[in-house]
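Letters A, B, C and D mark the chains as written, and numbering starts fresh at 1 in each.
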Amino acid sequence: MLFFVLVPLMAALVCLAGKSPRVSEYATLAGSVIGAGWVLRLAAGAAGGTIYFSRGNTFYCDSLSAYILLVISLLAVAASVYSIEYMRQEHRAGTVTEAGMRYYYFLLNLFVLTMMLVPLANNLAVLWMSVEATTLVSALLVGIYRKKQSIEAAWKYIMLCTVGITFALLGTFIIYYAGAGIVGAKGEAGSLNWTDLMLSARLLNPATMRLAFIFVVVGYGTKAGLAPVHNWLPDAHSEAPTPVSALLSGILLNCAFYGVMRFAAIVRVSCGPAFVQDIMIAFGVASVVIASLFMLIQMSAKRLLAYSSIEHMGIISLSFGLGGIYGLYAALLHILNHAIVKPLMFFVTGRIHSVSHGAKLDSVSGFLKMSPLTGVLGFAGIAALAGVPPFNVFLSEFLMLKGMAAGSHWYIMAVFLIASGLVFFSLLRGFGGMLLGKPRLGQHRAESDTELTHTGKTSPEMVRTWWPASVMMALLGASLLFLGLNIPGGIDRLITRSMGLFMGGRVF
Amino acid sequence: MPLIKRWIEIFGAIDFISVGMLLSVVAMSSAKRIESCLKAYVINSWLLALLMAAFAVYLSIPHLYAAAFFTIAGKCVLIPYFLRKIIRDLKVTREVEPYLSMPVSLIISFGLVVLVYSFLASGIFVAGVARNVLKISVSIILISLFTMMNRKKAVTQVMGLLFMENGLFLAGFSLTYGMPTIIELGVLFDMMMGVMILGVFLTQIKKSFVSVDLDKLTSLKG
Amino acid sequence: MGMSNLQFLIIILLSPLLQGIIKKMKAYAQGRVGPGVLQPYWDLARLFRKDMVISETASWIFHATPFIVFLSTLAASLMVPVITPDAPVLAIGDIIALLYTLALGRFFLVLAGLDAGTAFGGEGSSREATVAILVEPMMMLAIFTSAVAGGSTKLSVISKSMHILDSPAHVLAFAAFFVALIADTGRVPVDNPDTHLELTMIHEGMVLEYSGRYLALLEWAHYMKQMLLFTIAIDLFFPFGIKGDALRSALFYIIKLLVLAAAMAATESSRAKLRFFQLPSLLGGAFVLSLLSLITFVMLGR
Amino acid sequence: MLLISLAFFISGAVFFAFAPKKGLHYFYLLYAAGAGLAAFSFAQALYNYAYSAAGAPALSFALQISPALSMGFKSGPLQDFFGLLLSLAAFAASVYSSGYMKGTAAPRFQGIFYGLFILSMGAVFLAADALSFLISWEAMSLVSYFLVVSDTESEAAQNAGLTYATMTHIGTAFIIGAFMLAFSATGSLDFTGMAAGLAGQSMTIKSVIFILSFIGFGMKAGIVPLHIWLPKAHPAAPSNVSALMSGVMIKAGIYGIMLMCLHVLGGPGAHYATWWGVVVLATGAASSVLGVLYALMEKDLKRLLAYSSVENIGIILLGTGAAIVFYSFGQTALAGLALAAALYHTMNHAMFKGLLFLGSGSVLHGAHSKNLEDMGGLLKRMPYTGLFFLAGSVAICALPPFNGFVSEWLTFQALILGSSTPLAYSKVITLLGGAALALTGALAAAAFVKAFGVAFLGLPRSPKARDAKEAGLPVTAALGFLAAMCLLLGVAPRIMLRLISAMPFAGLKEMGSAGPLHSPLIIAGGFSGFWPAAILVSMLLGLLIILALAGTWGRNRKITYANSWDCGIRALTPRMQYTATAFTKPLRVIFKTIYRPRKEVRISFKLKPLFVSGITYQSGITPFLENYLYRPLTSFVGKAALKIRHLQSGSLPLYLGYIMLTLIGLLMAWA
């Protein structure tokens, strides 16, 4: 059942083998679609309470894993669809060679593969390995343009994440040590299987576990982009090819956070929930505040989105820290919501840049007139990102606020509300400026370099879109609205089941 | 065999070796030239391998021999070779160009050691021969992290990263007495890959920034 | 139809006479002979007989205004007890309703000033509006005092409930109200009723374009408004004797009216016309008075 | 019936989306039909609440979001009242749009969002719990934002939209805070549950909830000093929308305040703090006076109207505040009077402000300008618009026999009766509120004399104004409808008062006293009263008499038409007229402490100092709050953000340092 992870691997191999970029395009697409279909079946099973083990329990899939996998695979489909439009444009613009395109798709598939391994890993060391692997692969993707900035970004990315993740491994070792002699079915020295550790979590030494969790949270937190160890994130997101940025902020961060959650599940049992919650809340608040302040001064769209990712990871960590039925539900739901809206916004931005050829916010205006659909989706995206109803993000934020109220964390609520005000302003100013106004390219809106008469034929040709990509984006936009007014039963079941892992409920 | 075991016990060889590793890190963090850093790394790795072997003998866990072997192969042969190649190809100047002067960085390093001892004293109680190894290894990790902060050259940062990994392995063994081989191999493999990729980027940095000086890598702000 | 329902005729019919009397008193105070007290009647009659010249810029507002002004004043005079405190005919005699009905007339008068498109009209309107803004609140406050004291905003109830300036608050309130009276009837030192000097005129500026029977209506309405305000002052501040039989209260009423008229004439001939931008100090002072009256009443009571 | 009207709206939106572009504007009539139906059903429901023992069948339904979450909607008297207000205004606006929105820039977009806007406001009024309320509320704000920026080309609209959206968002944050506090205190998120739960709670919690919700909803209602978005945003939208925004949307803020203060906080056996009422009163007074003062200075017709909306919100709050004060002393009858005044004025303002904004729209259509200084003499060119605009102006100046007067009269009475409250300071405050109301009335009169006089009277000041034309039948019909409503509500106030008396708030029942609709209005046990119908009738009778007299004696008088008196200059040009600026000059001088008028004269010489080549004169007023409150605030935040920028300086060692410090910090804190 878990062998579907090989699908992207095959796709990657095809990309290597295939001579023309077309082959790799469609191989990637097919791979992601098949993978998604498989994951859907898996998720359906997991929602029903089934749990899948591989031989030797090294791999394992429960509701939480299935939920994350669902997000990953669906987003993989979206990204591969958009990649086709995007890379063709890059090719047309002469930024990428055909070989470069094949290399890109090869790495893309590997990236998806590594990310899919993360939630499937039962052995914590394997989890660590897959996270590290995602770093290595995605670093290559970030640096794919060989431009100064992209290399710099990639360098910082790989450096910081590797350093960070070293601590995660240390933490893992310490947990293994804590479990040595206690954990483990058949009298072996110890086990790193999450399931085993979870079973005997009560018996583990609290002090040790606390130490371990601190190392783990710093390690995976770096990767998850939690402030104040988020610094690689804006650079990598802004310099990567747009579809990759979408994957990075849409799911990679969540994969890293998934690691934190798994550890938290054990630690909260062995040394009480308060400890975990305090740390997560601290990280969450820090991220929200820092991100909201940095968003005020962003001049480039992709950096703006990057910081907004930090803010949303902060929200997830904050609600996860709040715990309780509201907080946990909010955290898990927010993972999905953010994973839908952020890629959409990156795709929109990519299209905007495809005409403006400048990342600066004021390099274009009146995009709404140039490509109405994209513009409308952009507005929906802004609203959703800012947590404005009736879009999906609002629901999870509302639940989080309920969680705050239930725990009467009034100061945190105040801080969050202020921050969200700043975020709303920054997003609306930034994207509103690009979408509204006279259709016009050039350095600054006021003095226009090339004026486009939006009545004329010129503007539609400016934006070269590929219709399947448009359809996919429209679907994402629709799901923003749909999930804002209704949470499908399957997802609800997955989430509620996963909440059990953090509420001392029945694990398996 | 049992003889060796007794010697190990009597002389506290485990502690000796790990302290040796710590010293080599400190040496690295205060070294002036890249070559000496590299040498320090090789020594460090040999000590690590030795430590594994010692564990293997002392606790008679056969698969630790394998681990020791892979360590030697990877960390004492492959990676140093690779690094030397890079340094040669990129014509990196020999000075390491730290931000802080040597005495200051020495003081900070020892400060870090003290910190670690105070933290870990409460948290975790390792019994048996490896009673100090965890503390030492965490100190190694932090010191090498500090060294990375302290060096301007990209190459030296890679070295710092490698030192961190050694410290990590040390910790791993002191805590786990050897995990399943497959996992060790996986971790090792990941590390190697990391170094390779870093090497790739190093060359690219050299290409597009002309130097491998980190002060140049600050165009992405805010 | 009893006395209470016809008393408004007194205001309609006798208001020109009051104007004449005031003019006469002024003349006397200034050592002139002055026109006869019936002169306003002759003026009105003459104007009614005259033909009209109307600006072709003017719209229907210009034609409607004289009627609206006259009728609103008429409607207002239907609400005020003159010689008997019983609720007058149609309306219940609520003071606020009364003032706002008058305000309706003023609204259109100011519009008419703008209608002809001349500078004088605009000037008059602008100044009238300004004066109104300064006067309205203080008049209200003065009225609040006696309304709160009288336990109602019905003039009839107020006039029944009190005698003459029953409390220190009333004195202050009356002082304020008297200033408001001067301003609203367009007299020195606020306005100068008998000049057509561009720089000083307010009311005259607005009606500058009017002639013939429109002018007559407006003037008559002006007289009525004046008498109406006098009556209100009487009802609010010294309604003594209004409760008795008709003749007696009529006698009292006339005396009070004459006293007020004398006071008005005295002020007019003793004071010089103020520069327009000095008005705020005068009216503002009056406003403070009315405020004080209200607060003293709330604090001290009767 | 509401479902049918909903169907109308949805079908309308669908048509706008897919019907051919030509003649698209006629589909606004679908909205009109829907709104009409809704108005009828709301009025009927209110009538039943008031007069049938059974009350009205409350419509109530819930949308399930997830097993745990659901959005509830429920109608009640208060909801129906605001629904009625909405649907009346929407009816007029839609009829108007069917003529006005011909050949506009983005017909589909505007059509769809116009419909959504009305629907979202309806949803706000019907929401029964915090979740559904917030969703509808933000949906309303979002849609209105898009309508504000619907002229995507204009920078001004963009900035207005940005300010508006941001401030609304912040306001919503306060509302959320209030809801959440109530939730944590009562464990319930639906309003009746909150009300029940809060009854026993401590005064502190209630006060905090009150403050939060007052600020949050006040932001939307546009109370001073939170109003600055309003004069920016309302004029930016197309006139049919600005009519709805000013007429209805800001009433959503009033609705929220009444909902929280009177229903949620005023649940069973609740007792109020007097200072709440005083706060509301004071804010109301400030808003009314400042609002109208700024309206007076405006040259832009629509901005003038927007500021006057601030003023009217203030008047409504005067009533509301008085009501809370009275409740706090248990004087329910008086509270009922004050509340009735507030509700009545809410309805009235929807009518005449809708009328005026729609009128300004057709003026815009006629004279192609929002600037009063370009207009003049429009009354002869647009007679109907002029007539109805005049009616609206008279009504908004609270002059009989129009509706504005009734509500202001009621407010006056309530404020005077504040003298019967036991405490001295509440007496003084209420009476001062009355004084503020009087001042406001006079200022409003001046403002609208200026607006109407300069726009419609005198000589046209621009060629465009000279050949202005009416905008067609639907437009004038809509204006006529609203004008008629204004007159009706002014002459027969009992109609509205009876509907108002259906509200579940203590003391309101008495306001709906029986008696024929045209009979005098007696309040507070005969404290006072007046007879609206009578004033009109008496004036009409008087008119008949005068005309009869004129007919008998004045028949042979002749009227000659000539130039206005021009002091002998043979040509009177439009430039000699009083301008809007000149008209308000005295007030600029008198209130200079508030306006801080500034003028600059630039003289350029050919040859100093003799030959002057040109003189430019600029004058204006300083926007007080913008300069002294908001700009410092925003600049401070900006500065802080710029400072924090150094944290991300781009140096890798620094970032590594962050990791190390974080680690050490966590170890110190928790290990």
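Note that a contact is a pair of C-beta atoms (placed from the backbone, for glycine too) under 8 Å apart; a residue touches a chain by one contact, two chains touch by 3 or more.
The structure displayed is predicted, hence computed values, not measured ones.
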| item | value |
| --- | --- |
| A-B or B-D, whichever has more C-beta pairs in contact | A-B |
| Middle chain, criterion being Cα centroid separation | D |
| Chain located farthest away, centre of subunit D as origin (C-alpha) | B |
| Gap in Å, rounded to a whole number, between the CA centres of subunit B and subunit A | 32 |
| Cα-centroid distance, subunit B relative to subunit C, in whole angstrom | 100 |
| Chain centre separation (subunit A, subunit C; CA means) in Å | 77 |
| Centre distance in Å when subunit B and subunit D are each reduced to the mean of their C-alpha atoms | 71 |
| Multi-partner residues of subunit B (at least 2 other chains) | 119, 122-123, 145, 148, 157, 217, 219-220, 222 |
| Multi-chain contact sites of subunit A, meaning residues that touch two or more partners | 155-156, 159, 163, 167, 207, 210-211, 234, 294, 297 |
| Contacts with 2+ other chains: residues of subunit D | 645, 648, 652, 654, 656, 659, 667, 671 |
| Every chain pair in contact, whichever chains are involved | A-B, A-D, B-D, C-D |
| Subunit B contact footprint on subunit A (complex, rising order) | 123, 125-126, 128-129, 132-133, 136, 139-140, 143, 146-149, 151-156, 158-159, 162-163, 166-167, 169-170, 173-174, 176-178, 180, 189-190, 192, 205, 207-208, 210-211, 234-235, 238-239, 294, 297-299, 303 |
| In the complex, subunit D residues that touch subunit A | 63-69, 131, 134-135, 137-139, 141-142, 146, 149, 152-153, 155, 158, 161-162, 165-166, 169-170, 173, 176-177, 180-181, 183-184, 189, 637-638, 640-642, 644-645, 647-648, 652, 654-656, 658-659, 661-663, 666-667, 670-671 |
| Residue numbers on subunit D that touch subunit C, as the complex places them | 376-377, 379-380, 386, 390, 394, 397-400, 405, 408-409, 412-413, 416, 419, 424, 427-428, 431, 434-436, 438-439, 441-443, 445-446, 449-450, 452-454, 456-459, 520, 522, 526-531, 534-535, 537-539, 542-543, 546, 550, 553-554, 557-566, 572, 574, 576-578, 582-587, 589-590 |
| Residue ranges of subunit B in contact with subunit A within the complex | 119-120, 122-124, 126, 138, 141, 145, 148, 154, 157, 161, 164-165, 168, 171-172, 175-177, 179, 183, 186-187, 190, 193-194, 197-198, 201, 204-205, 208-209, 217, 219-220, 222 |
| Subunit B contact footprint on subunit D (complex, rising order) | 645, 648-654, 656-657, 659-660, 664, 667-668, 671 |
